[in-house]
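Chain nomenclature is as follows: A, B, C and D, assigned in order of appearance, with residue numbering initiated at 1 for each chain independently.
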Amino acid sequence: MKLNFKHSNKLRVRYSETDQMGYCYYGNYAQYFEVGRVETLRKIGISYKQLEERGIMLPVIDFHVKYEKPAKYDDNLTIQTKIIEIKGAKIIFEYTIINESNETIAISSTTLAFISKKTMRPITPPKDFIELLSQYIVN
Amino acid sequence: MKLNFKHSNKLRVRYSETDQMGYCYYGNYAQYFEVGRVETLRKIGISYKQLEERGIMLPVIDFHVKYEKPAKYDDNLTIQTKIIEIKGAKIIFEYTIINESNETIAISSTTLAFISKKTMRPITPPKDFIELLSQYIVN
Amino acid sequence: MKLNFKHSNKLRVRYSETDQMGYCYYGNYAQYFEVGRVETLRKIGISYKQLEERGIMLPVIDFHVKYEKPAKYDDNLTIQTKIIEIKGAKIIFEYTIINESNETIAISSTTLAFISKKTMRPITPPKDFIELLSQYIVN
Amino acid sequence: MKLNFKHSNKLRVRYSETDQMGYCYYGNYAQYFEVGRVETLRKIGISYKQLEERGIMLPVIDFHVKYEKPAKYDDNLTIQTKIIEIKGAKIIFEYTIINESNETIAISSTTLAFISKKTMRPITPPKDFIELLSQYIVN
């Protein structure tokens, strides 16, 4: 099902996340998108932590980033996250990172798979998860 | 120009790189590909460190990963890196990560841009860089 | 001079920061203390970013942590930071991390040195820095 | 029991591990010491991975670092690790990091606790672990 749920959160670039170019290291964006994902699910009423406690893991299986402009130390970034689709055992998120000058820093998408901890096989998302998301279905 | 230079290096998954799923965190692969890149350039005779000292930066502008199987703690991974193209100010690398059981863990590609530290604008790669690579041109 | 300035900030444990024990990796606390330091200085009116732009670096030269209880994924931690002393070119911070159940997670202290970027030698802290802090002197 | 087992391993500073000061970020040394620990145990015949599989965790409970000189990008560091004591459920490691110019970069010590995964309580180290170490007892 195609979805359209959007959520934004703020996040400041840590010193540890810079590299000697003076930029936020390209690999650290993965953490920012993870925070975006988790806060977006929390907003809908889904705790990723509880999902894991119920035996469901959500590993990332595909990750793409386009870096438009460098993020720098102490930048107060806005992570815009969008849930755009659930297809079988997969869920797709899209992200845009914006800085304080309203410049686009990065555009990204991730595909995650619902995996049962017990069987280690893909599974359909839990019913309550689908129900919470179904109010954001688009055609 | 299309290129075909391959190099492999080994790398062990650190405890710090695992997450509570017991997998190597998806964002940490960026570091593995960076190590692959740097060692591949060193093999050809190019020191990334010296490149920066000469005023040239190589930020990643596009990054894609397909995660096939989880890498786990203490896995002794093989990072296979391939330089496949230089096009204007851009250089494209492709990577495959293999574990000790010869399973493919991840497939990736990154595009990097040659940027002048002084002007902060894209520049063509230095002559000696091109010369060292030109022996690996493919048609 | 002995000081007593305290500030608290909140910070949520990221998935990337856990390890396969299910705990926040012991090395990641360094980032939390850094965030505590930076926010504490900001509270007083000092931007660490601007300090660097004025040619002053503040590398950590001594770091001690006592881990009391594990921090876990999604824990909403409170970082309590205290500036306790400036002595020559050195500044000492102390930290306590508390979780939502009011348990002490970790106790730490760091010593940082004011270093001139130009000479790479220790220097006394800038006057305005000292002035802003001098209102928190204790005997 | 007081011990004296020493082991050295090499490790290159990754770009991801630098910060905008151009130094290896102070928090990343924790990973280097972890690698030192794991390789030192492997040398004696102990796999940390297998220890965990047998239900024993070894979280760090105390960590101290003295930073003498900055480590820089691409530095090929030597991590010298020493197991100096086992006392009840605790094991103490000491470390020295040396760069290629034979300069001391950092000196550190960590105390770890043997914890049972089942009971989450401290336990004495397994017999075979003690046996392997007992040949390095000093008075």
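Following the convention adopted for this analysis, contacts are C-beta pairs under 8 Å (C-beta built on N, C-alpha and C of every residue); 3 or more make two chains touch, one makes a residue touch a chain.
Here the structure is a predicted model, which is why all the values come from computation and not from measurement.
In summary, the pair subunit C and subunit D forms a contact in which both copies contribute largely the same residue numbers, shared numbers making up over half of all those used. On a Cα centroid basis, the chain most remote from subunit C in this structure is B. If you average the CA atoms of subunit A and of subunit C, the two centres end up 29 Å from each other. Centres computed as Cα averages put subunit A at a distance of 24 Å from subunit B. Counting partners per residue, subunit C has 15-16, 20-21, 25, 27-28, 30-31, 34, 73 as the residues that reach two or more other chains. A complete topology is adopted by the chain contact network, contact being made between every pair of chains.
Contacts from subunit B toward subunit C in the complex involve residues 15-16, 18-22, 25, 27-28, 73. Residues 20-21, 23, 25-31, 34, 52, 57, 59-67, 70 of subunit C are the ones that touch subunit D when the two sit in their complex.
Within the complex formed with subunit A, the subunit C residues making contact are 12, 14-16, 30-31, 34-35, 38, 47-49, 73-74.
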